[in-house]
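Think of it as A, B and C in the order they're written, each chain with its own count starting at 1.
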Amino acid sequence: MDRPNPLFRNLNSKLASLPMMLIVLGVFVGGTLWTVLFSFTNIKILPLFTPKQWIDGFVGFANYKRLFNSDRWMSCPAITKIGQEGWQLKCTGAMPNMITYAILAIIISISLGFLLAVMMDQKIRLEGMFRTIYLYPFALSFIVTGHVWAWIMSPEYGLQHAIRELGWTSFSFGWIADRQMVMYAIVIAGIWQGTGFVMALMLAGLRGIDEDIWKAARVDGIPAWRTYIQIVLPMMKPVMVTTFVLVASGAVRIYDLVVALTDGGPGISSDVPSRYIYQNFSANLGQSLSASTVMLVSMALVLIPWMRMEFGKKSQA
Amino acid sequence: MKAFTMAAVLAATVALPSVGMATDLEVTHWWTSGGEAAAVAEFAKAFDATGNHWVDGAIAGSGDVARPIIISRIMGGNPMGATQLNPGKDADDLIAAGLMQDITDLATAEDWAHILRPASQLESCTKDGKVYCVPVNLHSAQWMWTNRKVFTDLGMEPPKDINELIADAPALEKAGIQPLSLAQGWPVGLMVNDILVAQAGVDNFVKVYKDRDLTIAGGPEFAKIFETLASIRQYTPADKMVPQWNEAVGLVIQGKAAANIMGDWAGGEFQVAKMVAGTDYDCLPGLGVTPVLNTGGDVFYFPKSADPAITKAQLELAHTLVTKEVQVAFNLKKGSLPMRADVDLSAANDCMKKGLEILDHSSAVFPNDIQMIDRDSLNQINDLFTEFMANPDMAAADAQAKFVAIIEAAPK
Amino acid sequence: MANSNLAAGPSGAKPKPFITPQRAVVYTVLIVCAIFFLFPLYIMIITSLKNIQEIQSGNIFIPTLHPTLDAWEKAWNSACTGLYCEGIKVGFWNSIKITVPSTIVSIIVASLTGYSMANWPFKFSEVFFTILLLSSFIPYVVMIYPLVIITRELGIYSTLPAVVLVHTIFGLPLLTLLFRNYFASLPQELFKAARVDGAGYWQIFFQVFAPMSVPIFTVAVILQVTGIWNDFLFGVIYAGPTNYPMTVQLNNIVNSAQGGKAYNVDMAATILTGLVPLAIYFFSGKYFVRGIAAGAVKG
């Protein structure tokens, strides 16, 4: 590694990363450019990848204008005054729904996943069984498990119905049919599906902690719970970051869950951006790609500053 | 890099698609339920009898699921031999790109223009004077289904149209019966459109959808219909909605709901439940108001192939699909109406016969929505209707204004 | 430090001979959560054991008095998907043929990439990493057509290599992140010590890092096997009709919109399709042991 030519520095590293570089440049950058370019066209279903089709179909920002005029995508009717306390901005539509879902899913599944991983780390019996129980929702196709959740949460024949039959007649659980609450119903199913994997990831992180740390903590008489919070948690930061991105990217792209559970209903009150993108994809490709571009740009605006802080400073050799 | 080579070798040794016999024809479609599969089997049987072989490529979930797959396959240069696709504007891009087989010669030779009716179906397969697809059946969406027993048990006369049903609704609700069952998603749009065409009449409906007549769409007649829709909302609250259309029909069959608005394919559900049309249940075309039918239907397209043997088999399949025997056998199983008037349908049930009768009065027949307006606008209209029916806070006038805006913005 | 790499058990509180209040809390939390997680599975299983009349008329929470395995038998052997009535079993081997190479290739590519990024950064590696991370937020569907063109131009469209490539591509962002961050969390003294000993890129990877990273490889396998096994869209689009995975049959059984819905068969088919990932979850247990024995390099 003492060669003067910088091209040959870390040559093996570059060779091993070559497939990644090709994929990033050829597929992700290329595909994104394609997405952005064709979001300015009125192509309906068949992209031909020819300059002629692009020029013929060019419509400028028309798709974007339509997107932002669409109540389905986002609508913030007005700032409403609530009582004495102040003002409240209430937005509805696919984008705000996704943001609500993402914030709740990230917070709940990461804290619950970490808690479960710590519990699993206590030399418990039947660890394999518990791990499989928490993970199994991840393995089953959501087309059907979504239907089961729709049953459970249905006011007609689900939990509400069963508990009322048992005698508690005022019991009410109709989130899935309630425009205000439906996103929370989707969060429940999302937590159920995704927390197991967060637990597995955290468990792997916990088990990557040096054995010596535990021994030292024990010698110093630090209680186990404090060791977890004050010593282990900070050491697990990289794994936490991974988990965060994993859960966040899943939440931003949330699709199956909504389709299986509510299909955007009641009305379109639980619509999400991916569903908008999917539905337009084979009807109005240009519109679909414009929505995708907006999503991508919003993500970049949030992520790039964060990543500069997170990864930028420690470009250690 | 090593990894890629390894995968390639590994994959290559396992299986590569064999270059099939020239007469193997892969046909993609989304008919996967029991009755549908039985109907497809009639096609396959007849095609196999020509010495070719039907390779079934069923992919459930029409539209959103199947369309990107079908387009990808055609774009990727490995197209199927034939594929089901919605007629009309969906396939226009594919035809314009020269990816579809032109079957005009066959259509002319067999005089499809005269043996297939109504003319609108073949027209939607025709682009710039050339024929690109074969219509195989007619489906209509304008039906109201009622459970007679629900009404007679309450000492009421079963309704003859949607207006009578609305009048009966309070009494039904009082007896603990849902007046109108409804499923989420597209069935809402179907119901609203059915009510629009039943109340406004075919002429006005077509003027709005096809000719984009904004004075009618925004006029007092439509305003009244939106008011009617707003009054129906109370009978179909979100917590009474079911996920699938067949569950909504099931509620009528079980007597938990009095009526449902759905296309003629709902008839299959009643048949499976061994109920008899006219005795146990009523099927009311045009919701009983005006006997009208639209002419939705299924068609098959033939992606262009470089292999002449495939092209030959494609033409043979196209020919087979419209022969008399195949039309009868297929449509009896599918519950749809045949494309040909010159076939014997004595085995058809009452609802089918009602449909056939309307079909003979061509003024009551109007084109399918996708033949009049693009899918994107249809999706927006559907969004609007689902939102309107689910959101009691949305005023009828608001909904109408938004409807007019979508119609206005739709590309001609 | 008598513990060797794989024999070491989990850490945490010392094992106690009998139930302490602390352990009672642990088990209570685990069991309460387990009940929440198992509840839908319970409903799926009892529904799969009912017949259609019972499903339509009965309470979804109450098990049937006359359980029958008909739905399971039907789902595996004879449920119709289009013309062919052979159940979901037909695609089983195709699913294996797609999942095994896709999982292996994607994990090899991503673990090496993650290792390079964490320990052997080069010019622009951070830029690539940033783009990769952003890519994990792209909805898959918009990449379908560009990938059709890419695989067509590579001459592999409608073959197994195409679907392996596609799974590798979509697995890359999250897997790279997974490995990069895990390797970054390992004690860097190990890496430096190995460098001092003269070990190179490959040696350090295989002899130092990989053995310490068994749990994270296990997580990667779980993630990939689950995702690839359950994938439907890419299998149908890129693998070609002769390689359709079993999710195609599952989709056809579950998603067929017309005709009476056989919920019992849907449930059985779903559980059957999930058995392979489930088995991997269950048997991955012994790979979840503590990965680091600090003495491994020092001693």
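Throughout what follows, a residue touches a chain if its C-beta (ideal position, glycine included) is under 8 Å from a C-beta of that chain, and two chains touch if they have at least 3 such contacts.
Small disclaimer: the values here were computed from a predicted structure and weren't measured.
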Top of the farthest list for chain C, CA-centroid basis, is B
Winner on C-beta contact pairs when A-C is weighed against A-B: A-C
Counting only Cα atoms for the centres, state how far chain A is from chain B in Å. 35
Please work out the Cα centroid separation of chain A and chain C, and write it as a whole number of Å. 17
For chain C, give me the residues that contact two or more of the other chains. 109, 141, 145, 149, 251, 254-255
Could you list the positions in chain A whose residues touch two or more of the other chains? 19, 147, 278, 281
Would you pick out the residues of chain B that each touch at least 2 other chains? 3-4, 68, 71, 75
The residues of chain C that touch chain A in their complex are 1, 3, 8-13, 15, 23, 26-27, 29-30, 33-34, 36-41, 43-44, 47, 59-61, 109-110, 112-113, 115-117, 120-123, 125-126, 128-143, 145-147, 149-150, 168-169, 172-174, 176-178, 181-182, 184-187, 200-202, 212-213, 215-216, 218-219, 222-223, 226, 229-230, 247, 250-251, 254-255, 263, 266-267, 269-271, 273-274, 277-278, 281-285, 288-294
Touch list for chain C against partner chain B, complex: 56, 80-84, 97, 101, 104-105, 108-109, 141, 144-145, 148-149, 151-152, 157-161, 164-165, 233, 236-237, 240-243, 248, 251-261
Hey, which residues of chain B end up touching chain A in the complex? 1, 3-4, 63-64, 67-68, 71, 75, 89-90, 92-94, 97, 184-185, 237-243, 374-376, 378-379, 383, 386-391, 409, 411
Which of the residues in chain A end up touching chain C in this complex? 6, 9-10, 12-14, 16-17, 19-21, 23-24, 26-32, 34-35, 47, 49, 112, 115-116, 118-124, 127-141, 143-145, 147-149, 151-152, 157-158, 161-162, 165, 192, 196-197, 200-201, 203-212, 214, 224, 235-239, 241-242, 245-246, 248-249, 252-253, 255, 273-274, 277-278, 281, 288-289, 292, 295-296, 299-300, 303-304, 307, 311-312, 315-317
Write out the stretch or stretches of chain B touching chain C in their complex. 3-4, 6-8, 10-12, 14-18, 26, 29, 31-37, 40-41, 44, 54-62, 65, 68-69, 71-73, 75-78, 80, 244-247, 250, 254, 265, 268-269, 272
